[in-house]
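I've put the structures underneath this note.
Presented sequentially are two complexes of subunit A, the first with subunit B as partner and the second with subunit C.
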Partner chain A sequence: MSTFDLSSSQTGGEEPRRRRRENTTITPQGAPNRRNTELVLLAFAVVVPMLAYANVGLAMDGKLPSGMLAYGLGMGVLALVAHLVLRRFAPYADPLLLPLATLLNGLGLVMIWRLDKAGSLLRNNFEAASNQLMWSALGVALFIGVVLVLKDHRILQRYTYISMVVALVLLAAPAFFPSRAEDFGAKIWIRFGSFSIQPGEFAKIILTVFFSGYLMVKRDALALASRRFMGMYLPRGRDLGPIIVVWLLSILILVFETDLGSSFLFFGLFVVMLYVATERTSWIVFGLLMSISGAALVATSEPHVKTRIDAWLDPMAAFAPKPPANSTEQIGQTLMAFGSGGTTGTGLGQGRSWLIQFAAKSDFILGSFGEELGLTGLMAIFLLYGLIVQRGLRTAIAARDPFGKLLAVGLSSAFALQVFVVAGGVTGLIPLTGMTMPFLAQGGSSLVANWALIAILLKISDSARRPAAEPAPTTTVDGATEQTRGALA
Partner chain B sequence: MSELTLTVMRLGFLAVLWLFVIVAVQVIRSDLFGTKVNQRTARRAAAPAAAGAGPGGPARPPQQASGPPTQGGRRRGGPTQLVVVQGSLAGTTVALQGQTITLGRAHDSTIVLDDDYASSRHARIYPDQTGQWTVEDLGSTNGTYLDRQRLTTPTPLQPGMPIRIGRTVIELRK
Partner chain C sequence: MNKPIRRVSIFCLVLVLALMVRVNWVQGVQAEAWASNPHNDRNKYDRYAYPRGNIIVAGGQPITRSDFVNGYRYKYKRAWVDGPLWAPVTGYSSQAYTTSQLESLSDGILSGSDSRLFFRNTLDMLTGKEKQGGDVVTTLNAKAQKAAYDALGSKKGAAVAIDPRTGAILALVSTPSYDPGRFAGTGAEDEKAWNELNADPNKPMLNRALRETYPPGSTFKLVTAAAAFESGRYQNIEDVTDTPQRYVLPNTNVELKNASDDEPCANATLKVAMDYSCNTVFGKIGADLGGEKMRTQAERFGFNNPGINVPIRASESFFPSKSSADGTAMDSIGQHDTRATPLQMAMVAAAIANDGRLMAPYMVDEERASNLTTISKHSERQLSQAVSPATAQKLQQLMESVVQNGTGKKAQIDGLKVGGKTGTAQHGENNAGLPFAWFMSYAKAPDGRQVAVAVVVEDGSSERDQISGGGLAAPIAKALMKAALDR
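Coming up: the complex of A and B.
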């Protein structure tokens, strides 16, 4: 019947659009392709670190730095290549993640270069900026590799248990390598000659894949088979199994590798994902109780951890006329750097960053940022991290498949937890743990792993925001109609 | 470098950094997607237009006022919108553009029915091969009624026929 033929030109084009404006209508609206927005933001994200670079050069030497063009071109080319790959292979991906990561990476590069220039004032100083630029290039290469190879994030679901094994091997590996004096008590590195990697950073991503795959299958059993007790759902004993295994594992990491940060990260990640998968508050209560008891147990028995907690409780103890044994001045120095920065900071290149003597470029790089950019700059940096996490969680909401949802939640909360652990430790909110600030801090493994994390999030967001395929035309063949009906009912 | 230049640079850099954050938030604002709801702002303006467009009038179909269906205005051309006439969603319209419209309590339905008597996947309305709009009950518990008849098979729809699902009544309009 041509009378009701709606595909005719009569209703197409201008007419429906005008009609929609005039009435209350509900139209499913897909996410637009935002690659041009991304390109503009990306250009902005390359320009901001360049300004910082010029600022440092002008403040320290009175002239524009000579390597400015090279660094700018380097970052610009890396960003452009990543953008073009996204344009071709993930056209609907989130427009913000890549510029945010690029900006943080660029700011980190500038700050490391600025600390390089402090020269011998900084303890154990060596030229790290060019190395970091090389690692950034490697990170972007891995980013591109993930975008190209990972056709669909659901492929990762097939490797649920393999990824568990790989993650455990990666986590356990550093314990079997000889520790060195300059590792400061934490065994989290694997060394091949002068080359070292930190497998925990990669284990973070791989473990998230395992958690997502596992919880997707088990979440109904975990959520529904429970007894109600005092307003809380108590899970059955056998469902508690996996959480106890992960808890023991994180305690073991803590004991054998004395890596407070990683064990907090993994346990926190598991609790977050359990909560998201099951919507049961009881898991959070259990998680908190278990982590507190575990931490208390280790804190009393392990001297390395105990030192950290003492330094957290009284950061200024090391500056006393008679400092207690094993005291450390790291947190105190960082707090003073924050204080000296004040609200608007001393200006890039004008702080006294060498007064932060320990790990100024890696774990304590936030201290340098806090001093030179002040509270205002630090808040902007935290907001940039917050935006990355927000985009990740938004991707999780938009994702259509449960595995993608859990993976996106897991990756973004791992990122958020890492930022919290580092920022909290440096500002004295929680005991200090040896982790690196994602993208900002010096350290190849962290940088490369976080670029891979962003790539996976972008792939998930690409599939989540991709408009649904046109519905197949309904056939009148009875069998086919039955099938459609069965699928829809 | 003079003190003034350095101060200007320091504050300028902070401003640029914050500008980036603000631009990023603006992008998030413009990037919202999901379901778009437009208010009927031009309802009063549309009503005279509907009265003016009689049978054999201009090529575009008449605008639909929110009142009862104007049976007299029927002419060649298919229905262009689906209107919820009764129920909590009364007044809602969906433009018909050849897509399948699903009705039910499931949150991914085109029209999400907040109705105690509706099933999660209750019914769907779709153009069949010839473009004839058809309503089909998807095995709902309380049934879909066309006039007083409970639907058992996919049934062709004419504009103005009330489809009742629980307390909600919808119909196609030109």
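Coming up: the complex of A and C.
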């Protein structure tokens, strides 16, 4: 019985249940694999952006966009292929993650296309939607690649220290490439001619792999060999080493690449994983103290960071007749876009979010969503992100091995931190940092990396929810053995 | 490890929740403030995203247009049928330089964003109709406006005409004027025109009819005469005044002079004093009545009222509340500290013509939605009872006598009953400036229609002695009154 066969997998849940009624023997019952739920959700995830696409065309040109069918077909085929691959190779994977990612990716594409259509109203505007569609295809390809190649997530554990080296190289690389004026001081790109990648997006995943592998080995030492002091378990001096190394590393990123966001993300990620691995609250206290002192240190010495903080405290300063040096209108413009959007928004294609100008399609794409879809739309988008994070963390809870738990919790919280840092910065909740909104924003590296992240989470969830292989087929019930065999295939 | 994972899970939820609370704050609580922030260019673009409503004159003709230019940012642009003629009425509506006067005050209706249009806009949105601003119907009379504008010609000055019975403003002219269409857009030409107009020493963008105050000169003697009758000291226009040949201002040794020593001003009757515009007579009456009585009378005509909105806010005309006796004498002949807008003097003429009832001046008769339904309609309002009807009758006799026998002969119009008063106001340090020529008057047609006007000319002639209210301003007033009552 092949799980790739649609008809049989649909009835897969029915058969053992019927047999159980005939047979009083308790048989391990496989969780329903939920692939059909995923298919239905995927249909929504493809249709909703298509309707949004039609909406933009009708609002801006008065007719349905000519590329609508091709676009819908493209997204539909990508989603369907990803779904079929999951059916075959990760049948018990979480059913929500793929539709959520597809929906966000599709909405991002529509908004980028809409901003393309703003033409010269947007400074340095160029057609980005077709590129983004290509990157989406590449992202889904990598997603499929990961699902196919990564037979078991525990394989990654073997590459713990290689991961560390690769992550360090990726993180350090941008410092050696010149930054451009329009990058606004942040050095987070590697450029080859017109082609550029943001290695930080990949480093996020690879670093999580390293942390998971490292902490899995060291967790007992870190957790148990500690002294109790004022109700807290203090780690031994020598065990403090790794956290200090990571802390220094994040400070270095901040200083040499002036990238507040990545620095915060990596350090936060490490503290979270350390806490999960050791179950010691003291690490959080340490982490907070260290990040506060680090941020204070850098904020006072680095003019770039100070500028960002000033812009956060007074977003409208840049509009003054004599704006302070290096000030930027972006945050003020975005807040005005949010305000003009109000509760229900102007409707897709009918806002003027091109006023945000710089990075309107990438870091600030939420501004366009806020203006055209309003508070309602933003709440929905945050809900989608929240769901991705919660499904990831659920996977962590369900995972059966500590490495899988750590990896899932790391990837999910890195995703959550990134969403918080970007959206918080754009909405003026925290100082702005240069990072892209996962799936929504223009940018190939981010898109491809996040598709890979989802793929890994799906693999972990597949192995977590897969019915446990029985020691030996002790019952003679054909269905049970067959089912187990099928699931393992 | 599940316990810490659950805690991390809650932490991540808190992060997302914080974002949600934040956007609710920005897009819910603060939304209005951000949307209406002066730096939010959306409001500028919105104003010109669909046809702006028009400002319409009494006959029904629009004096503005909304031109479809289909620009990148702005779809429409404001245009004027005859910009310089109507600029004092409409103000400007510029993409680059915002709006002023009526364009600004009625912006809600004109741009269609007024809350009273909300229901209609929502309906239009649902039915897919293009949004369109509403119209503002004014009381202005195109013929009168044109007559006054042409009569003022290249002179610097202003003219106002009011219907005394209602307070409706029929003409509102200020020269030199400007064409608001020259800077309605955002281009380099617009910027050049804007800078030029602002740098012009003649201040073409100043609305002299409403927003400039002048010493009213002898036209103010009617207010003094009104106070004289109202005080009860004088009952009749033939009453003889107690005026010496040479009047020395109280507590000083400064002598108040008349235009010429030959004028029969000594112990003149009020009628003769008004015909010849005797400074001595009215200076002394004012000083005798006292500053307090004079101020009360002036205020009943609308002086010292900062809230005269037509709906463009007129500058406050001024009569001092505390003045020495010699100052009051000078105040009473419209010199010294007394200041008045042309609108104010037209209001004085209007109150006298309307038997003492001063109607609140207005120029917006009706605001209506794009489908012509009325949003608001002006209802006439009495500002005050400036003088008793009996006093008003006497003042009318005085004014009509001035036009028949006195300094205002040039304002006579066949077939109309015309009353007026000239003024030649000194100003500047030691009266060094060229005097302002004034004429305020009213005309009544046999069928009961009326018009009250005030005209001021700042620079009638480069020769001092060529300047007189009767010579320069009266013909303009005549042209204006004639056009206003012409059928």
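As a convention for this text, the second predicted complex is superposed on the first by the 441 of 489 C-alpha atoms of A that agree within 3 Å, B and C clash if a C-alpha of one lies under 4 Å from a C-alpha of the other, contacts with A are read in each partner's own complex, and residues count from 1 in each chain.
Everything below uses one rule, namely that a residue touches a chain if its C-beta (ideal position, glycine included) is under 8 Å from a C-beta of that chain, and two chains touch if they have at least 3 such contacts.
Every value quoted in this text rests on a predicted model; they were computed, and no experiment measured them.
Asker: Thinking of the overlay built on chain A, is A:336 touched by subunit B (first), by subunit C (second), by both, or by neither?
Answerer: second
Asker: Of the partners subunit B and subunit C, which touch A:427 in the superposed model: first, second, both, neither?
Answerer: A:427 contacts subunit C only, not subunit B.
Asker: Check whether A:390 is in contact with subunit B, with subunit C, with both or with neither, and answer first, second, both or neither.
Answerer: both
Asker: After superposing on the shared chain, does subunit C or subunit B touch more subunit A residues?
Answerer: B
Asker: For A:316, is the partner it touches subunit B (first), subunit C (second), both, or none of the two (neither)?
Answerer: A:316 contacts subunit C only, not subunit B.
Asker: Determine, under the contact definition given at the top, whether A:374 touches first (subunit B), second (subunit C), both, or neither.
Answerer: A:374: touches subunit B and subunit C.
Asker: Which of the two partners, first being subunit B and second being subunit C, lies in contact with A:103: first, second, both, or neither?
Answerer: first
Asker: Contact-wise, after the overlay, does A:352 reach subunit B, subunit C, both or neither (first, second, both, neither)?
Answerer: second
Asker: Once the structures are superposed on A, label A:416 by its partner contacts, choosing first (subunit B), second (subunit C), both or neither.
Answerer: A:416 sits against subunit C, while subunit B stays out of touch.
Asker: Where on subunit A do subunit B and subunit C both make contact?
Answerer: In the superposed arrangement, which is not itself an observed complex, subunit A uses residues 374, 383, 390 for both subunit B and subunit C.
Asker: Considering the complex alone, what residue numbers of subunit B touch subunit A?
Answerer: 1, 5-7, 9-14, 16-18, 20-21, 23-25, 27-28, 31, 33-43, 45-46, 59-61, 63-64, 76-81, 91-100, 102, 110-111, 121, 124, 126-133, 136, 138-139, 154
Asker: Which residues of subunit A touch subunit C in their complex?
Answerer: 119-121, 272, 275-277, 279, 316, 319, 332, 335-336, 338-343, 352, 355, 370, 374-375, 378-379, 382-383, 385-386, 389-390, 393-394, 396-397, 402, 405-406, 409, 412-413, 416-417, 419-420, 423-424, 427-429
Asker: Spell out the residues on subunit C that touch subunit A in their complex, using ranges where they run on.
Answerer: 1-9, 11-13, 15-16, 18-20, 22-24, 26-28, 30-35, 37, 39-42, 45, 72-73
Asker: Sort out for me which residues of subunit A touch subunit B in the complex.
Answerer: Residue positions touching the partner: 1-7, 10-12, 15-16, 19-32, 34, 37, 41, 44-45, 48, 51-52, 55, 58-59, 62, 95-96, 99-100, 103, 344-348, 350, 373-374, 376-377, 380-381, 383-384, 387, 390-391, 398, 465, 471, 473-476, 481, 485, 488-489.
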